[in-house]
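Next up: some structures, all given as structure tokens.
Two complexes come next, and they have one chain in common, chain A, joined by chain B in the first and chain C in the second.
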Partner chain A sequence: MSATAWIWFVMGALSIVILLSAHVWMQDFGIRMNWWKWTLMVIWYGFLNFTLALPMTLVGEGESFAALRIFFLLVVVAVILGVGFWRLIAAGRKPSSR
Partner chain B sequence: MGARKLIARFTLLRINKIGFGLVMLVFVTIGLTVGALREGANHTDFLRQAFPQVDRFKPLGNDVYSIHTSTSPKESHRYTAWAASDGYAGPLKVALQTDSTGRITRILFIEQHETPSYFQRVQDQGLFETLVGSNILESGTVSKNFDAVSGATRTSTAFLDAAQKAGGKIAATVFKRDAPQSQRPHLYIGIPEIIVLALFAAAFAGMHTPSRMARRIRWLSLLLGLLVLGFAFNRPLNLVFINRLLMGYWPAWQSHLYWYLLAGAIILVAFINGRNPYCTWICPFGAMQECLGLVGGAKFRIPKRAHRSLQWLQKGLALGAVTLGLFFRNPSLSSYEIFGTLFDFIGSAFQFCLLALVMITALFVPRPWCNTLCPIRPLINLVRSLATRLKMVFRRS
Partner chain C sequence: MPDRPRREISRRDMLKIGGLAGAAIQVGAVAGVAVHAGQNHHSYGGWESFEGNTQFFDRKSHLMTGPAYHRVGATRRPSRHTEYIFGRARRLHLALHGEADQPPTWKPEDGLKKLGEPLAGFYDKHPDLLALDLERETKLNPQSKLHRSKYAGYFELANAWSEGWADVFYHYPPKPSSPPSESDYEGIRKEPLTAKSPGHAAQLIKQVAHLYGASLVGIAELNPDWVYDVDVQGAKPGPFEVPPHWKYAIALGVPHEWDQMLSNPAHGTSYDAYARSRIAAARLSVFIKKLGYPARAHMPPSSYDLIIPPILVDAGIGEQGRHGFVITPELGANFRAAVVTTNLPMETDRPIDFGVRDFCNRCKICAEQCPSGSISHAETNQGMETRGYRHWEINQTTCFNFWATAMGPTGCRLCIATCPYSRKNNWVHGMARSMSLHDPTGLADHAMTWMQKSFFDAPGAEAYLPPPDGRFAGYRPAPKWLDIENWFDVKVNNPQNGDHR
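Presenting the complex of A and B:
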């Protein structure tokens, strides 16, 4: 298997671990998850991956300055989306008994 | 609390209220005086720097010079002239060189004060090259190949206007053609002018209505300001315009009606009720921060002592930025605001980093830019304080 394929394999495995762990984290936070909360979470996770992948692609194309600008832009959007989604997901949560 | 502490606090309060205005006045005067003295350079000095291979510039009148080099000391085959136009941040001077047939061989800026990132955009678009090769004697050819640069329209059109004026000077002086009549600026009333008046009217009305209604009007006003004055037209009040006015580079009111309306309305409201409607009700960047505050909650309050220190920092920054601009006779030099970075996506790397920091902070802290770094609020507060004092003087007299 080539190095790129290994990277994709590891990333896929990590994504599954993160999403499975998210379920436990949400229980720890006392948040009851439903379909739209999971959708928001997956959208944000996808966006986070995109935030990392796009600048890396641009660096690979030799466009370092453009990569930096896009990275800053996407990080800010990711943080804003993350905070907004988190407030929606965590609204009305009850502290866990665990 | 000891007596010394009380005196210190009282002194600080007085300095805060009165002293900042006086300090500002002193610094503005020094900056203006030194800046005016520095500006006395001769235009032939600029031309010599621009055309170093030229041995002699023989004045022909009307800012036109014939060029003499060592290969043709007596006879001239080239001419140069300079002309000015009104750019975004003050006068923009362009020098134009033609050959003996009137064809433009070289064109360059000899003086400009534009915001560096916007000026860079004009340069990157290769605007100079589009005019080289045009003939000033054929009407319309200078502007034929010209396209205004998107995002830097005023700078690029001012460049064309100055180039046409310089070409007209050479055509009239050297080739004895009729110089094109300089056009009077057209009165322009568009969406931003109407919206800014409507927003000030709404703000003024909102200040005198019950709080729940006022809150609704304020949000409506802020969102309209954000969409129209921010994202659609990128017209928040900035240091460039304030510095321009202080330096005496007053642009034509017909073409800059929006800015005069904005400044006039702020001063008028300051005189009527001593308040600042712009920052609280209209500012598009403030609106953006409040929207982010809604997303993130913005519940963190800066401790009082730190807030006071940050206010001093804000005043110091405003004072430093204005003085620096005046000292170097360049309105855009010290304009560190990040409004254009957000609304036009143009700015330096530093401005992009600052914008990212401010936007993320605005999720947790209410209006971090307005309360700590914005130079506009201290300047408007100064106008308010001056207006209040003037009113007191009038009442007494």
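Presenting the complex of A and C:
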């Protein structure tokens, strides 16, 4: 298996760990998850990765200044999205007894 | 001392911590993979493979139903002696300065009549172009010599790289030594092989052209309006009829090396792509002859009997952009083309429309960056007409005059470098192109043009000029491998750092 294939294999395995972990975290926060909450969470996590991946690709191309500016723009969007999504996801939560 | 209670980590806590750690690793890995994607040589379209996978865009979904050009008047063939800027410049240069065995024949005080036709008639109609041509000959060229004496050292490596490519021009292939009716048939197979169908022939030609080094290939029926009016190569000077065996035009495209292309006009060259497309076309013409059909290669830098860009449009390679170059879905404007004319019956391609016209109407980055102001800022190409066709026009003369002042390898190519389509094939630019292609509202184009102008630095039109107005800037710095100070222990004046000793 090539190095690239290994990277994607490990990334896939990590994704499962992250999802299982998120499930436990949500239980402990007393949040009952449903399909749209999971969707919002996955979208935000995807956007977080995008926020890093896009500028880093530009860094690889030698466009470091553009990368930095775009990174800051995307971070602001990611924070706003994160806060908004969290409010929707956490609405009406009951603190867990655990 | 009492024992401190042992804190136990449950499996549940382990999973929570593991998830956080996993997310951190994953985000870090994405960043690492992304940097690799930006550097990866697989994104250097046209320099990574000769297997034809360089032409990956699905053109079938974007075929034009109507003509690629708007005819707006009577059409005619282009003039090789006057409209072809290199032809005109050469004639005027010879008249003013002569050559080794030929004394000068004209000076401006003599008046136009003494200059002789066809230049006299042309300049009589276009006195503005005479003024610009004389400015180049009498002011800009001598000025450039002075600049070279100061700064040539800084560009020496770029010039060496360029000359390495150019060497092939002088040796291969030899110039046609006889008219097309003879030289196009030289070495031809006696009995032509008959293809199973024109589709088979087209498929074979494209596959072979890719293997000979062409990144892009398309086939069109040759429109005689694209053939020069006089002096076909290999024949006596004078007018000529378009040979009947120039029925089809096979258009080939090869990109410039991507990093040096972005450093134009300072360190880039035309000659890498010129040489590769020249060799591919020359080989393809021989291949076609061996199938039993006449063929002629029309190749950079100046072995042409026809103008290339409209043939690229006819062959579905791309669309013409504001800067006059053809923009392709795979390489943007970053490519140089050659054409092979033949009568081998082949299925032809159709022009494509993938949104360049609308994009160029909005973008204007090339026009804003052009140091000579040669590219129009107009909202559309309405009203621009050349030989009966409407299309984007640039001021070739002011463009060529800037070449005279530029310091690196001959030419400029800045409009190729600044064009947002001329970007490598990594996921970021692929995504941008795809969004532009599939967004009928134009919002994606607006957003990306805004991002390009707001986030990506550009030196600005003046910075590309010679000192003292500019600093011989490149759109991007020279790649490390073209930076002479990176390899050699030399002392050079670096005008880009304001080193104007």
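Annotations
The criterion applied here is as follows: the second predicted complex is superposed on the first by the 98 of 98 C-alpha atoms of A that agree within 3 Å, B and C clash if a C-alpha of one lies under 4 Å from a C-alpha of the other, contacts with A are read in each partner's own complex, and residues count from 1 in each chain.
Quick note on the criterion: a contact is a pair of C-beta atoms (placed from the backbone, for glycine too) under 8 Å apart; a residue touches a chain by one contact, two chains touch by 3 or more.
Nothing here was measured: the structure is a model prediction, and the numbers come from that model.
In the overlay built on the shared chain, the residue A:L52 is in contact with chain C alone; chain B does not reach it. Of the two partner chains placed by the overlay, neither chain B nor chain C lies in contact with A:T39.
Of the two partner chains, chain B is the only one that A:I80 touches; chain C does not reach it. Of the two partner chains, chain B and chain C are each touched by A:R69. Contacts of A:G60 after superposition on the shared chain: chain C is touched, whereas chain B is not. When the two complexes are overlaid on their common chain A, residue A:V24 makes contact with chain C while staying clear of chain B. A count of residues in chain A touched by chain B and by chain C gives the higher number to C.
With the contact threshold set out at the top, residues 69 of chain A are in contact with chain B in one structure and with chain C in the other. Across the complex, chain B meets chain A through its residues 292, 295-297, 349, 352-353, 355-356, 359-360, 363.
The touching residues of chain C, counted against chain A in their complex, run 12, 15-16, 18-20, 22-23, 25-27, 29-40, 259, 424, 426-428, 451, 454-457, 476. Chain A meets chain C in the complex at residues 7, 10-11, 14-15, 17-22, 24-25, 28, 45, 48-49, 52-63, 65-66, 69-70, 73. By the touch criterion stated above, chain A contacts chain B in their complex at residues 68-69, 72, 75-76, 79-80, 83-84, 87.
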